[in-house]
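As C-alpha cells, here come the structures.
Next come two complexes built around chain A: one with chain B, the other with chain C.
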Partner chain A sequence: MAFPLPRGVTVSEIAFLAEMETVTVVPRQRLEGLELLGGPVEPLAPPRRASLPLWLALLLKRQRRANIIPPAWLHPEPLSLILDVESQHQDYQNAFSPPPPLPGQPSVLDRNATASAKPQYTPDGDRYYPAPPFLPHNTAQTTSSRDTPSLPFHWVEVGNLLLESASDDLVEPDQIRRLLKDLREVRMSKMRSGVDVLDEAATGGGGVALTGVGSMELGEERGFITGVVDGLRKIGASKEQARREQMAEQRAAGGYNGTQEEEEEDYMEF
Partner chain B sequence: MDIDDILASVDHGPGASPESTALDHQLLTRFWVAERAVSEVLPWPAPLMERMMDRVRNQIETIEDLAASSGDATVPHTHNPNLNLRLSILQTDLARTQYLIRSLLRARLAKVTKYSMHYLVRLASRDKNPSQTQSTLSSQNPNQQPEDSVPDIASLTDLAPLSEPEASFLHAHQTLLAGHYGGSFMGAFPRQLRRLDDNAGGTSMVQGPDLREVVFVRCLGAEVPVLLEEDDDDVGVTMRMGDVWVVRWEGVKKAWARGEVELL
Partner chain C sequence: MDLPLWLGEMLSIGARLGTSRLVTLDMPDALSERVMNALKADPRTLDLRALAPHFYNLSERILELFEEEEMVDVLTDTFKKRAAEIADHAHNSRGAVGDGVDFLRGLDETERQLFRAAHDRAKEMRIWSGEARRK
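Up next, the complex of A and B:
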C-alpha cells in the first residue's frame, strides 16, 4: 500500500500546514539570514521585530532564543468580540463570522465594493492568488487596523500551538484559552445544525457555503460531510440522470436557454 | 520584510526572477493539498517539481558543507556560535519539504495503482497509430492471456496526467499484476473471459476515480460559477471571492486548473 491515508488532508497534516503561517517575533539573539526551501528568512537582530514561519518561531521559542508577539486576533478583547458576533449577531445565526479578507477582497463593512483579485504570476506563467497559510493573518499587525477582528483560517491550530508553547508571551492566556474553547463549541454546533442543507451539495452545480470555517474544523468534519453528501448523491443518482436526459431533449428541441430550463424544471417537479 | 515583500520580489512575470523559492514552496504546498483532496491523479507539474528537486539537491549539499565545517576539530567554533542552530533550522526546513514531496508522490502512486487499468486505457486511447492493437489480434488469439489486455504505452510521448516514471511504473505494475492473475486463477477461465478491460453487456469493468465526489474549495477569483458537468456550459451556483464551498469536483475542475479556486 503506497499511501494509507484517506482522501483529504488529515488533522495532523492540517497542523503541519498551520505551521507555515507567518508570525511576528522579537529575537533575543542575532542570526544571519538563511536561504530556506520555504523562502528566504530575514536576518535576526534584537530588538527589531521579524516575521518568521510559525515552525521556526516555535523552534526558536523553545530554545529561548526569541519571543513570539501574539497575532492581533489572539487577545481577549477581539476574541470576545468575535464570540459575541458568533453567538448573538442576527446575521450569523447559521453562519460563521466572516474570515479575514483575501488581498483585493472588500471587507464586510463596504458591501458595495467589488472584489478585484490581483493575481501574481508563477514562473510557469500561470495565475496565482495567494491564500492562507501564506497571508499575514497571524502577524502582530494585520494588514489594516480598521478591519473588524476576525478568525484566520488556521485559528484553532495557531491558537493551541501558541497556548502550548508560548503561553508566557500571551496576554491573559487562561482567558484566551476559555474564549477559544467557547468559540469552538459555538461554531461546532453551527456546523452540526448545518447538516440539513447538505442535500444542496449532492446535486450537480449545487453547493453548500461554509465561508469562514476554520481549517481544523473542516478537517474534523470532512469525513462526515463527504460521506453524507456522497450517500445522498447516490440515492438521487437516477433522478438526476432523468433530469439530465430531459434537459438534453429540450435542448435538442431548441427554444430554451439553460437558465430557463432550470427554473421550469423546478416547477415541474411539484 | 513580510511575506508580501517576498512575493512582490518574485512578481515580475513568468520566470523573470530566480528568487521564486517562496512562491514555488507555496505552489507545491497548494498542489499537495489538492492532490490529497481528490481521488483522480492531477496533471503532473513537471517544471515546478524539477525546480523543487534541484533546490532540495542544492540544499542537501549546503547542509553537508556546513556539517563538515562544524565537524572539523581544528577550526575553533568561536567564529560562528550559531552554526549548530543554523544547521538544525536548515535540516528542519529540508525535512519539511521532503515530507511534502514524499507524501505527494506516494498519494499519486496510491491512486495510480488503485485505478491502474483506467489510466492505462486512457493513455493508450491517445495513441494515434496503434501498432497491431490487441483488440484486432486478441479476439482470434487462442492463447489469450490477461497480460494481453494491458495496453502498450512505450511509444507514447504525451503521458498527461502522469510523469514519465509514473507511467512506466504503471505499465510494469499492471503487467506483473495481470501475469499474477493469469497464473493464479484467470488461466482456468474460458479465454474470452480472460481480459482485464472487458466491457461485455455494456458495463465496463475498468474502474476509474469518481469525479462527482464533493470537495471543499475556497474561491480565489472575483466570481467563479460552479458547472453542472465538467464539459458543460450550464452553471449552477456562483461562488464569490473568499467563500468556502462544498461542491462537486467536476463542477470546479476547470476553475481549479485556471487557479481561481483552491482545494482545502
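Up next, the complex of A and C:
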C-alpha cells in the first residue's frame, strides 16, 4: 500500500534490459568506434557487418543509417519448428522448448558430453559466467547446422522491437508476428496449467520447471505465481507444522541410530 | 455466542494452558461441513466472498487452532483450481465481462489481489507491445 510500484521488474524495465542484446547490422554510413559505458563499439565501415547493442542498432535503423540482420531464430522456419515442438511434441507437453545452450554447455543432442563452461574475468579480476543479454544469441552468426533452433532469453522483447522498428529487414514479418503470437499463447497456457502442480512445490517435493522461459514471460507471471505459492503455503502451514512435529517425534523415538543417520543426511545436503 | 476471532483465540488458548476453560470454539459457518462438501464438489461456483470476505485468511487462522488435515487438502485444492480460473480471466483482454463477472464477484480478498497482479501485468504487457492504447 505504501509503495505503489508492483513487486518485481516492470515490463518496460525488462524491455530496457533486453536492449543490451547484441545484434548484427549492415551499416550504410561510416561511423567511428564509440567508447560507451557498456563497452566499446566497433567502428562501422559500410559493407562490413558489425555487432551493436540493440538500442544503438534500432537508433541507427530509425535514422536509416543501418540495416539490421535478423537473428537466426527470428525467421519463419525456425519459429514454426519451435512452435511444432511446443505444441505437438510429446516430451514438451508440459515443458518449454529448451533455451539456447550456454557457452561450454553441450547441446541437447549429445547428453554424454560434459559441461565445460569457461569463466571470464572482469577488469578487476573477478570471475564470472556471462548470461543474457551478454551472450551472442541474437547475432546473425551462422550457427552450426546441427543446432536446433531455440528461443533466447529475451525473445519476446527482441522479436517485438525488431518487428516494430525494423520489419522491412525481416523475412515475411507478418508471418513472424503471427508465429510469435502463437508461441506466446502456447507457452502462457503451459505456464498457467503449471499452477495445478504448484502444490507439491509448496509442500516440498515437486515443482514447475521453468527452463527456457523468457524474461518477459517470467516478469509477466511473477506476481501471479508468487501469489499462488504464497497462498498455498499459508493454507498448508498447519499441515506442514504437524508434519515437522511428527518428524521430530520420530527422531526422538528413533534413539541414537536414528539421529545419527539423520545427521548424516543433513550433512550430505550441504 | 459470537465473538471476534482474536478474542475467541485468546480465550481458547487460555483454556489450553490449563487455567479455567472459558470457551470452546466451534467452526465458523464459513468453514462448515456443508461448505467443505460444496468445495469438494465444485470449487469454482462457490461465492467465497459471501461466506467471508477474507475467506482464506480466516481459514488460515482457524487451521492453526484446529487440526483438520482434510480441510487443508480441500482448501488447497480449491485455491489451486480457482487460481487457474483467475489466471484465465485476468488474461482476457476484455477484462471482467460476460459470464466471468459472477465468478470474479465471488473472489475473496486474497484472490482479488492475485487477479489484480495478473491482470495489471497482462495489461502493461499489451500496452508495451502496442496492442492496446495507452491511457
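Please note the rule applied: the second predicted complex is superposed on the first by the 215 of 270 C-alpha atoms of A that agree within 3 Å, B and C clash if a C-alpha of one lies under 4 Å from a C-alpha of the other, contacts with A are read in each partner's own complex, and residues count from 1 in each chain.
Simple rule for what comes next: a contact is a pair of C-beta atoms (placed from the backbone, for glycine too) under 8 Å apart; a residue touches a chain by one contact, two chains touch by 3 or more.
In this text, all values refer to a predicted model and were calculated from it rather than measured experimentally.
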Query - Most chain A residues touched (candidates chain B, chain C) - result: B
Query - Touching partner for A:67 - first (chain B), second (chain C), both, neither - result: neither
Query raised in the report: Now for A:11: first (chain B), second (chain C), both, or neither, which partner does it touch?
Result: second
Report task. Please work out whether A:150 is in contact with chain B alone, chain C alone, both, or neither, and reply first, second, both or neither. Result -> neither
Report task. Scan A:121 for contacts with chain B and chain C and give back first, second, both or neither. Result -> first
Query raised in the report: Between chain B (first) and chain C (second), which, if any, makes contact with A:131: first, second, both or neither?
Result: first
Query raised in the report: Does chain B (first) or chain C (second) touch A:42, or do both, or does neither?
Result: first
Report task. Using the superposition on A, tell me which residues of chain A are in contact with chain B and, in the other complex, with chain C. Result -> 198, 222
Report summary line: Per the touch rule, the chain B residues reaching chain A in their complex are 1-4, 6-7, 10-11, 13-15, 19-27, 29-30, 33, 36-39, 45, 47-48, 51-52, 55-56, 59, 62, 82, 85-86, 88-90, 92-94, 96-97, 99, 103, 106-107, 109-110, 113, 212-214, 216, 218, 220-223, 226-229, 233-237, 239-248, 250-251, 258-260, 262, 264
**Report entry** chain A residues touching chain B - in the complex, by the definition given at the top
**Finding:** 1-3, 5, 7-9, 13, 16-17, 20, 22, 29-32, 34-42, 51, 55-56, 59, 63, 65, 99, 101-102, 104-105, 114-117, 119-131, 133-136, 139, 198, 201-213, 215, 218, 222, 225-226, 229-230, 233, 247, 258, 262
Query raised in the report: What residues on chain C touch chain A, complex-wise?
Result: 56, 59-60, 63-64, 67, 69, 72, 75-76, 79-80, 83-84, 87-88, 90-91, 110, 113-114, 117-118, 120-122, 124-125, 127-130
Query - Residues on chain A engaged by chain C in the complex (per definition of touch) - result: 6, 10-12, 15, 160, 164, 188, 192-193, 195-196, 198-199, 216, 219-224, 227-228, 231-232, 234-239, 242
